[in-house]
Amino acid sequence: MDTTKSLWLPEKASTFANNIDWAFYLYYWISVAFFVVIVFLIALFVIRYKRRRPDQLASAQITHNTVMETVWTAIPLLIVMFLFVIGMKGYWNMRVAPANAMQVDVIGRKWSWSFEYPQEGISNDTLVVPIHQPVRLRMTSMDVIHSFSIPAFRTKADVIPGRYNTLWFEATETGTFQVFCTQYCGTNHSYMWTAVKVMNPDDYQAWVAVASDPSRGKTPAQFGAILYTKKGCAACHSVDGTPGIGPTWKGIWGSSTALEGGRSVTVDSVYVVKSMMDPAADVVKGFQPIMPPFQGVLSDKEVNGLAAYIQSLK
Amino acid sequence: MATATLEEHEVAHHFDDLEQEFESHRLGMWLFIASEIMMFGGLIVGGLLLLILHPSAFAEARPHLDWRLGALNTFFLLTGGFTMARAAAFAQKGEQGKVQLHLVLSLLFGAGFLVVKTIEYKAKFHHGLLPGDAFHGEGFTSLHAATFFGYYFVSTGLHALHVIIGMGIMVWCLLVSRKVHFTRAYYTPVEFAGMYWALVDLVWVFLFPLLYLVG
Amino acid sequence: MEQLPGHTYNFKTLAGVYVSLLFLAALMVGFSLVPMNSTNITWLDLHLLKTLIIFAIGACMALIIAGFLMGLKYESSKLNAIIFATNFAFLFIFILFTWTDLGLRGAMDPSFMKQINWESPVTKENAREQAQEAPAPAP
Amino acid sequence: MIAHVHPENINYLKAKPGLINWFVTVDHKRISMMFLISTLFFFILGGVYAMLFRLQLWSPGSHGFISADTYNHFFTMHGVIMVFLVVVPGIPSALGNFVLPLQLGAKDLALPKINLTSLYLYWIGGILAFVSLIAGHADSGWTFYAPYSISKNPAVLWMLTAAFFLGFSSILTGLNFIVTIHKMRAPGMTWFRMPLFIWALYATAIMQIFATPVLAITLLLLLIENFFHIGIFDPAMGGDPVLMQHFFWFYSHPAVYIIVVPAFGICSELIATFSKKEIFGYKFVAFSSIGITLIGFLVWGHHMFVSGQSEIANTIFSFLTFFTAIPSAIKVFNWTATLYRGSIDLRTPMLYGLQILFNFTIGGLTGIILSILSVDIHLHDTYFVVSHFHYVAMGTTMIAFVGGVHYWWPKMTGKMYNEVWGRTAAILVFFGFQITFFAQLIMGSQGSPRRYYHYLPEFQIYHRISTVGVFFLAAGLFMALINLLASLRKSAPDAPQNPWGARTLEWEVAPTPPLVFNFEETPIVTHGPYEYATEKA
């Protein structure tokens, strides 16, 4: 379909656009017709019946004509009722989201937007959506009333504090589209912009993978600290020196530790990684070889994270 | 409005006759009352919507208002309305003494209303049943109890203000009645004071159930 | 002497009005004291019914007050009655249309909260933020 | 000499000279004069604000010369001043006040003291608006939406109070008009012999009386929310900000018709008079004013189509809104038909009359598209809406105001202004206006949001066109003002009794300028307002 912007309307990028633009231009031409006729008649009469002599009287006194009155009452009435039906249909379609819509929570605050993806556990400052996928926004505000508007999608809804408002759309074009706040909300109201990025499904998946990566924006040690509890290390290894089923991690890094079978080893990245991948190989003296191997369970990134975390526990 | 009803006994310059003057002032008074009704109407519509939105708050907060005091106030207002109507009637008959007597009676009932209202307000202040932020009443589960009392103070306060204005008009009528002798030809001030007092009653018969009885 | 526009000076009428007003007020209070929960009628919202009856009584009182204490009954022109009726027409429109919004929010897409959710974390956080720094004031 | 003349037989300007006598007068003509001066003052003030922020918008955001807060403050002041202090009181209080008794053949308004009270309430409102200016930056927009307006900004509080008083001023004027129209008509002045301006003022008065009190209660509740946060509107306390919008628009939509309906009346007067022709379909035009009034009370929700209002309510409001198109269309068609076979004299007031017709056609047509629900979702809160209501409030109402001032100026002052300058100004105003606001239509439908200090580069061209246009507009209005004031000098020609050859009482019977009690003796009306057929040439 033709997505380029026309004189009156911006580019189209959602399933609503065609319907709305059609209604817009339909009415546009109707009104142009009315306007031209009226203005033409005014101009014609003004020129044709201009007063030539000061004492000139009107050439006729026509007080009324019920037929004409009826006609120009009835015709507009029919037209506007037709327009009402068009508008109502389009609007209801814009309000009821399809069942397979994916949900994104939108939070407006002075003067920024944030978008929460509940399933993926993503929080982002731009709205990223896959193409040809109905998206339902559940929106609320932290302070005053804002309004979430995407001209290219021809949709808009106020974002109200203390309440949820909803909006849905299905993008039909990939690319980046402007988002405005259209409800006056104070000093930086006119800077309260963000963008909708519409992606192909694979790009979107890639983006989700990156955006939902828990290590994003964390040092390896911080990431490791999360894994320590998440991957269940905490069950056996303490980090404060208290004895457990496994040796504590506190101060273990760099120390030379005696192993079962008399050997001893300096705890460094090599040993730590080895004992994660194949724990039974070198068991610390005084402990049972009961730790499950994490070969293939932990990604390299996670291994690094854990190592860095242990190293950080001086 | 009072200034408008304060016409001289003889017809004002821009009227043809007394009848036209009387009719105009009366229509003016009705339109004024209409606007007053719209103002209180808006307030009461808001109250009804609150009742529909937060029934629990009303159910919880309403028992803290004593319907007996409310009923007593209803009695005062209606009786005042009755005596004002009598005053207007006597003004038409031109029985000046009885007009003044009934004006004083109505004033007393109005004062009674205000006294009771003060007692109620005192109790609310004492129990911390204050509007909005100031609210610190104990044992409320619905946060909208604060809203209820906020609405209670706004509506009854605005109504009480109109009671005071009405009493002011009565006092003014008393002063007029010392100079002007009311007759069939001219009884407008008392008449309008009566209408205004009836307006106060009219509002109250909706506020009273909304605040004291339902929910 | 014939009735002038305004208050009637027929004492009987006024006394009757006064008594009936007091009676209706008493009726109103009486109704409000009827315990509706004790009955075990479920097919009908008695609480709503009670509210409606109470306000209906209030409306009757309002009509009597307007008719006699304001003298609407003795008006020379119907205009004043029309004005009075118009008030209530507009107020009825006001509450009716506002209710079509408040009452029917989310009717088309019920999976969303339609009522104000004042206990949502949003308002709590909102309140906290307001406590911390006042919302951007105009310098 | 004057001492010997009976006071009623000297014109109202000469009688009882001295400022004090003006301030305590109950003469509707003097009161309306004071209203006119006050309204013009605030019109200029509001216009200055408009020009300032149009200059700012020459280039986006920080490239301009004022800060974002100042910009928000300016458009708020522009809105509040123009709506509450100019367009709402403008035609009824300033022009209607003067003309209504004259057109009815009455000595004065029915309740002169109420009329004076209304003027003083207006002044109190105006003063409070200035207090708000001193108190700080009111930046809530003229709509005072909660919760933004309940953030304890003192300037906003003062502005709310100002609007409160202005509301009562408006109520009292409307009340006075209705009483006067019902009770003060001269003998022979039947309902259907009333000029259409009177019908328009009657319709307006109905809305003033029944809608404005709700504004009063809304503002009261907003003030209470500010101080106590009782939680009716305040979401932080569990209130519903959308409920506030219902309260506000229940007044402010009828207010839109309070603004525009009197302009229809003036348009009818101008077109009939300067075509020397009976208005086409008098009764249709008259009743369309009443009809638009009644419909006006049913459609406030169309200001809330994207506010999270329930879909059912939106549908109902959209349906009802379309009906406002019908009376509007009837008026436009009847005015156009009135021109047919008339004897059209393009004097200055008529140039404004034709502008009203032109602008209201655009204003009305753009209004209909905004009531198409699906399309409105796209256009809501954009410059399209801004342009639409300026085509109505400025292009129809204020142009009618200016046209009306030119039309009745000779009657008010007894002086004729310069016709050539008058027409030049009118033409300048026309083009200035179109340039300013048509650009905004396109920008809006392209999606440019309103109340924006900063904007996308692609919209700059429209903003620049609009900014250029506003200076033509201002120049035209300024020229008109100077021309009118210049006519007050001694050497300027005195106005004849009936310079336009109109058939309504104020021109045919009342002397120019009118006497203290308007007429020598109460006129007996024998013909309709536009009966040019019976007129001997």
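A few notes on this one:
Going in written order, the chains are labelled A, B, C and D, and every chain counts its residues from 1.
We take it that a contact is a pair of C-beta atoms (placed from the backbone, for glycine too) under 8 Å apart; a residue touches a chain by one contact, two chains touch by 3 or more.
On a predicted model such as this, the values are computed, not experimentally measured, just so you know.
Here the chain pair with the top count of touching C-beta pairs is A-D.
In this assembly, B is the chain whose CA centroid lies farthest from the centroid of chain A. The centroid of the Cα atoms in chain B and the matching centroid in chain D are 35 Å apart.
Our note on geometry: chain B versus chain C, Cα centroid distance of 16 Å, whole angstroms.
In this assembly, the C-alpha centroid of chain A lies 55 Å from the C-alpha centroid of chain B. Annotation for chain A: residues touching 2 or more other chains are 92, 95, 143-144, 161-163, 165, 186-187.
Looking at chain C, residues 79, 86-87, 90, 94, 98, 102-103, 108, 116, 118, 123, 126, 130, 135, 138 sit in touch with two or more other chains.
The set of chain B residues touching two or more other chains comprises 23, 27, 31, 34, 38, 41-42, 49, 53, 143. Inter-chain contacts occur between A-C, A-D, B-C, B-D, C-D.
Touching chain C in their complex are the following residues of chain A: 92, 95-97, 107, 110, 138, 140-144, 161-166, 186-187. If you check the complex, the residues on chain D that touch chain A are 61, 68-69, 72, 139, 141, 145, 147-148, 151, 235-236, 238-242, 275-278, 280-284, 306-308, 311, 314-315, 318-319, 322-323, 325-326, 329-330, 332-334, 336-337, 339-346, 354, 357-358, 361-362, 365-366, 368-369, 371-378, 380-382, 442, 445-447, 449-456, 532-533, 535, 537. Note for the complex: chain C touches chain D at residues 79, 86-87, 90, 93-94, 97-98, 100-108, 114, 116, 118, 123, 126-127, 130, 134-135, 137-139. Considering their complex, residues 1, 3-4, 12-14, 16, 20, 23-25, 27-28, 31-32, 34-36, 38-43, 46, 49-50, 53-54, 130-134, 143-144, 146-147, 149-151, 154, 158 of chain B touch chain D.
Touching chain C in their complex are the following residues of chain D: 69, 72-73, 136-139, 151, 153, 155, 182, 210, 214, 235-240, 242-243, 246, 250, 297-298, 300-301, 304, 308-313, 316-317.
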